[in-house]
Amino acid sequence: MMPQSSMIDLLSATRKLPASWWPNELTPGVAAALATAFLPLMLNDYQLQVMWVAFYLAVLAISWNLVAGYGGMFSLAQHALATIGGYSSAAAVLALGLPVWWGVVCGGLAAALLGYLLGHATLHLRSLYFAIATWVFAEVARQLITINYEITRGAMGLQVPYLFSTLDPIAYFYLFLGLLLVAFGASAILLRTKLGYRIQAVRDDEELAIANGVNAARAKRTIFAMSAGMAGMAGAMYGHAVGLLAPSQADFSQMSLIIIAAVLGGYRTLWGPIIGAILIQAVAEMLRFSQEGRLVIFAALLIVVFRLYPQGVMGALKILATLLRRRRQAEGKTQ
Amino acid sequence: MDFELSGKLAIAAAAAAFLTATATSAMAQANATPVNIGVLTPLSPPGDSAAGQLIVRGAELGAKYVNQRLGGVWNSTCPAPGPVNIVKGDDSGLAEKGMAALRSLVTNDKIAGVLGTYDSTVALAVQPLAEQYKLPLLVTQASDDKISGNHTKFTFMTHTIARDRSDVVEAFIKSYGFKRVAILAENTDYGTSSGPDMQKRFVDGGMSSQLWIFDKTNPDLLPTLLQVKKFAPDVIYNMGVGAPAYLIVKQSADVGLLPKTPMIISYDLPIRPEFWRNLGELGKNMIFLSYYQPKQVLTDAGKWLQEEYRKSYNEPALYSSLAAFGNTIVLAQAMNAACSTEGEKVSGALVKGGFTSWNQTGVAFKQSDGVDWQRSVQPIMVLQYTKANQGFGDATILYPPNMKTGELVR
Amino acid sequence: MQLLLQSLTLALLNGAIYALMAMGITFIASIMRIINWSTGEFYMVGSFAHLALLTVIFPALGLTLPMAWLLSALLAMGLVFVLGMVVQRTLIAPMHRPGTQAFEYATIMTVALSVLLQNGAIMIAGPNQYSVPDYMRPILLEDLEIVLNGSRVASGLAALAIILLFYVLLYRTSLGLAFRGIAQNRLAAETAGLNLKTMDMLAFGIGTGLCAVAGALLAPVFLVHPLNGAAATMKGFEIIVIGGIGSLGGAVVAAFGLALVEGLGATFYRAELQQLYGFVFLIGFLVFRPQGLFGHRERRV
Amino acid sequence: MISSILQIRCLSKRFGGTHAVREISADLQRGQIYGLIGPNGSGKTTLINLISGFYAPDTGEIILDGEELTRRKPYELAGLGLVRTFQMPKTFASLTVLENVLLPVAGDGRSESLDAMRDAAFDALATTGLTGMAQHPAGSLSGGQAMLLQLARALMCAPVKLLLLDEPFGGVAPALKERITHTIRQINERFQATVVLVSHEMSTIRALCSNVIVMGNGQVIAQGTLDEVSASPEVVAAYLGKPV
């Protein structure tokens, strides 16, 4: 009775079920990370520096994609949470005398806690108000860091200890590659857990999710705090990689960059933020003849790509793959 | 045999000739190889791209000057490797972008020296990299005294720090008998390093002084200025850069502080042509700090710059451009003195000093104590306009006393 | 006392200006349910268009008119109105696809647009700040020892006039009725035969035009340069939240309230916290009255 | 033995000036299928929203199987066996059909692993005839299929005590109506679940429901078998809009 195509679907469905905690996306992720780990053999200092900055941006974009893309919470505070992570770590290291690694942990925890509180205060708001509320949070953070220059040194920049004793970018390349792999793996696994399904269900239809037994508010708060923690930890590592913190990291232009990276690569996809961040860095380096025009070209690129493929580069790749498959099937039939 | 031998000889000769020719042409090519000098400066937000553009203009004209007037680097004593070329690196005013840009300049462009840093954060972040690469770093306009205070081997500073400005403003204010000073500083590294320093100085010196720090993105400074008015200062020190500087002037008039209270602008903004267009009558009697004045005798290089700048951009060069220009030609001179583009040798030459820049003071980097480590101190003048739409050259020099050309008009 | 009086006078003038700054963003949000993140950039484009018209194009045409500034500001508004409609049709409308959350996608588009316009302006306009000649001579209220900047007064009055015109458009014309219907319920308005595509395009044009005329009018007060739109964005967001989306009256009241809170706070307490007073005010609203002053709670389900 | 499953006492809800539900009391029996009918605007959907916790009642209480519901959070109700569907069929559009069906298992307070419930999910898909769509995004379903998906999810909310169905046949292709009726019966039989069915289609009401509750103007105006209520003058008046 059952048509053949749906039998095939059923079989593949059984295989693709969220049965295992090891998501399908993770295998190519680990493979790519392993391949990337050999890159320093071919790259010079500068390229390594560009790569680690790309990885850092990718981590922020992943964390934002988690709240905004998968969670449907259009937050505009990711850059500020990262900055807060950086300054919290600095406080732990400089004021309390903790080791730098502990500082990084403190930075992540502080950002997660603030994220949780911010989520508590704002997540009941409708999307438009929520976006503005998070933007206000970011702006307040930036201004407070700037105004309290007696403590933070404001725009003069706060010097913090480096994570490693060397300035060699190889060390930071592996550090941020590791962080990126963790962030990618964590979100891939998270999306396959019950919490992951809950948050995606809430994103699609909050009422329906509630009617099916999902505590929507709690799911949103949890994801928001996790994403904030991820950003905060990345921000803390960033501070100790650059050796300097400044309120300009909490400038909205940094948030724009995170959004551009995530959306250009593919909004609501696991690989998108990574592809986007690396693409942005690569394009920036190709455009070295026109430094001033860098952001103009990014924005134009985003507008064109996003207009044609709202799923970004990932969307374009998917369409390409479908076309190729169809052509192959067509060829198969003619033969 | 003979034939073979002569044949072989001929071939050898031909080969030798070919090799020589290749080598010569290669050397000729090597001679033409430009020496790259990096300009690391903010060219996109959140950095102050307006300042960055001025710095780039100065550096590019500096390279032009070196190539046209000095005949490139290594012009006299060493075999000349060729012209100087400016390579831009955008730091967006961010430490991490600055590091990446500097690494790019070193790795891809093989720069022999870098100048232009504008934000203190960027200067502090790239300082250790410059050490690592043994790359001379000329800090053009970052003003935090930690930069020279760190006593690093390859960092050189030509910019004034908080203390220099405080010295001049304090001496000027004292000599004219002002007693109540209102300081309005923007919340950038410039404002937060100099503002508090200056206020402390005035209070320690027995004057009454109050400091207001304001957000650079806030265009409405009226509430702040109402507080200033309540304080009733007899002079206002305006530490805005760019738009805020204009806004302070305009809005001081809105609350009635101007034209009664004298105002000092902390840099040479008033020499720009749009100053009068933007402010009109309000610009009358404006006092401002400047690092040069047209009647001041500039060096040939300085004169050349002002002329070329006016030709290219149809306005006078501001301090940012002058400083970047100066840094570029100083770096070129140091390379010439060292007969090398190697960082170690160039920085050695820089420490020996004795370079011409755009002003008559010259540039020397002594390894003095504290914040004067490898820092070349530049003279600061205090000027005043006395009429609306006055030309920059006609402004009165009020300070230093030995250059004074007129009295303060209140 | 004199200080209080002066502070209040300035806050009133600022209120009118803030109201005009916020009108565009509120209007677009109420009709299209998106935040126009490029509000500040349309403000900036408006100010540059005004600068070009008033100081280059008018003199070149030999035009010497009384109140040329007003004409020029209105022309700038018209130009940006057209630009806004083009942008809406080509970039924003296509983001309303089935299965996508229009809010997010359109907002992302406006973020990209804002980066493009801002940095484009930096590239084209260069590092300088510009101003246009003052619109009016300063007004001296001698008894009160208060000076009022003529341009502020002129632009404040013009702002009020434009807001009044906008009010007439919204509440006294059939087009306005249509807009109000859409703001209430898009689905019902569409069922009632309104062409949402055209109306969205018009709304975006009008909204950006309002931002632009604010930028033009304020050219002598807040200067013309590539980053001058930041304030308009900031005030716009604050006023949207305080006033409630879709309420013109709310936006006007919120604008004056915000100007008062900021002005009084910064005049009588710490001045460097000026912008934070507005934020605190706003956070208060988010916590205690998230629908804003005159907004209404949406029924769920 | 208590055969009553849901007790409603004096339930009221106002929206501004309109009294959408006024002082309704009712007692529903375990394992019965009730039809909830009444003219448009008579308060049927408001009543469903009140029982399922989406509206907080102004007065009154709701007791499900001995548990007071009014103080419970809406998301807790699913765990207590109270399941509802929506009039406009709702789906989690970006999740696959299979993930949609598994979602109740991911809800707070459910301890089974998703893996363990896979077979149950396929059973639910088979019951609703959606097996072939398992890997398709739910956003691509037709209205009728989406309605079936709601029922498939209900099957996963085991054990279902009370199933509230708001217009499950509205705009559904005839071929699928049969499937929906079949699924409703399945749920009813398998869990001994009480079903409240809001519908305008008297033929399906007649086929499915043993009991019919008629609402008019926010109140229950009649209760009994379909034939009994059809004969009631109040019901006729309510439908024709005449005063009693």
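Labels for the chains are A, B, C and D, by order of writing; each one numbers its residues from 1.
Heads up, the rule we're going with is that a contact is a pair of C-beta atoms (placed from the backbone, for glycine too) under 8 Å apart; a residue touches a chain by one contact, two chains touch by 3 or more.
From a predicted model like this one, the values you see are computed outputs, not experimental measurements.
J.: Show which chains lie in contact with chain A and also with chain B.
T.: Under the touch definition, chain A and chain B have C as mutual neighbours.
J.: Return the chain whose centre of C-alpha atoms lies at maximal distance from the corresponding centre of chain C.
T.: Between chain C and the rest, the longest centre separation is with D.
J.: Please report how many Å separate the Cα centroid of chain A from that of chain C, as a whole number.
T.: 33
J.: Taking each chain's centre as its mean C-alpha position, how far apart are chain B and chain C in Å?
T.: Measuring from centre to centre gives 38 Å for this pair.
J.: If you average the CA atoms of chain B and of chain D, how many Å lie between those two points?
T.: So the centre of chain B lies 75 Å away from the centre of chain D.
J.: Provide the C-alpha centroid distance between chain C and chain D, rounded to the nearest whole angstrom.
T.: One centre to the other, that is 48 Å.
J.: Quick check on chain C: which residues sit in contact with 2+ other chains?
T.: Residues 118-119, 122, 234, 272, 275, 300-301 of chain C touch two or more partner chains.
J.: If I count partner chains per residue in chain D, which residues reach a count of at least 2?
T.: 54, 93-94
J.: What residues in chain B touch two or more of the other chains?
T.: Only 44-45, 49, 53, 187, 213, 215 qualify.
J.: Which residues, counting only chain B, touch chain A once they are in their complex?
T.: 43-47, 49, 53, 88-90, 92-97, 99-100, 103-104, 106-108, 119-121, 124-125, 128-129, 132, 144, 146, 187-189, 191-193, 213, 215
J.: Quick one: which bits of chain A touch chain D in the complex? Just the residue numbers, please.
T.: Touch residues, chain A against chain D: 2-3, 5-6, 9-10, 12-14, 16-20, 194-195, 197-198, 200-201, 203-205, 207-216, 218, 268.
J.: Can you name the residues of chain A that touch chain B in the complex?
T.: 44-47, 49-50, 53, 56, 143, 146-147, 149, 153-157, 159, 167, 169, 238, 241-246, 248-249, 251, 253-254, 285, 288, 291-292, 294-295
J.: Can you check the complex and tell me which residues of chain D touch chain A?
T.: My answer: residues 52, 54, 73-79, 83-84, 86, 90-95, 98-99, 102-110, 114-115, 118, 122, 131-135, 153, 157.
J.: Within the complex, which stretch of chain A touches chain C?
T.: Residues in contact with chain C: 68, 72, 74, 121-122, 124-129, 131-133, 135-136, 139-140, 143-144, 147, 207, 253, 256, 259-260, 263, 267, 292-296, 298-300, 302-303, 306-307, 310.
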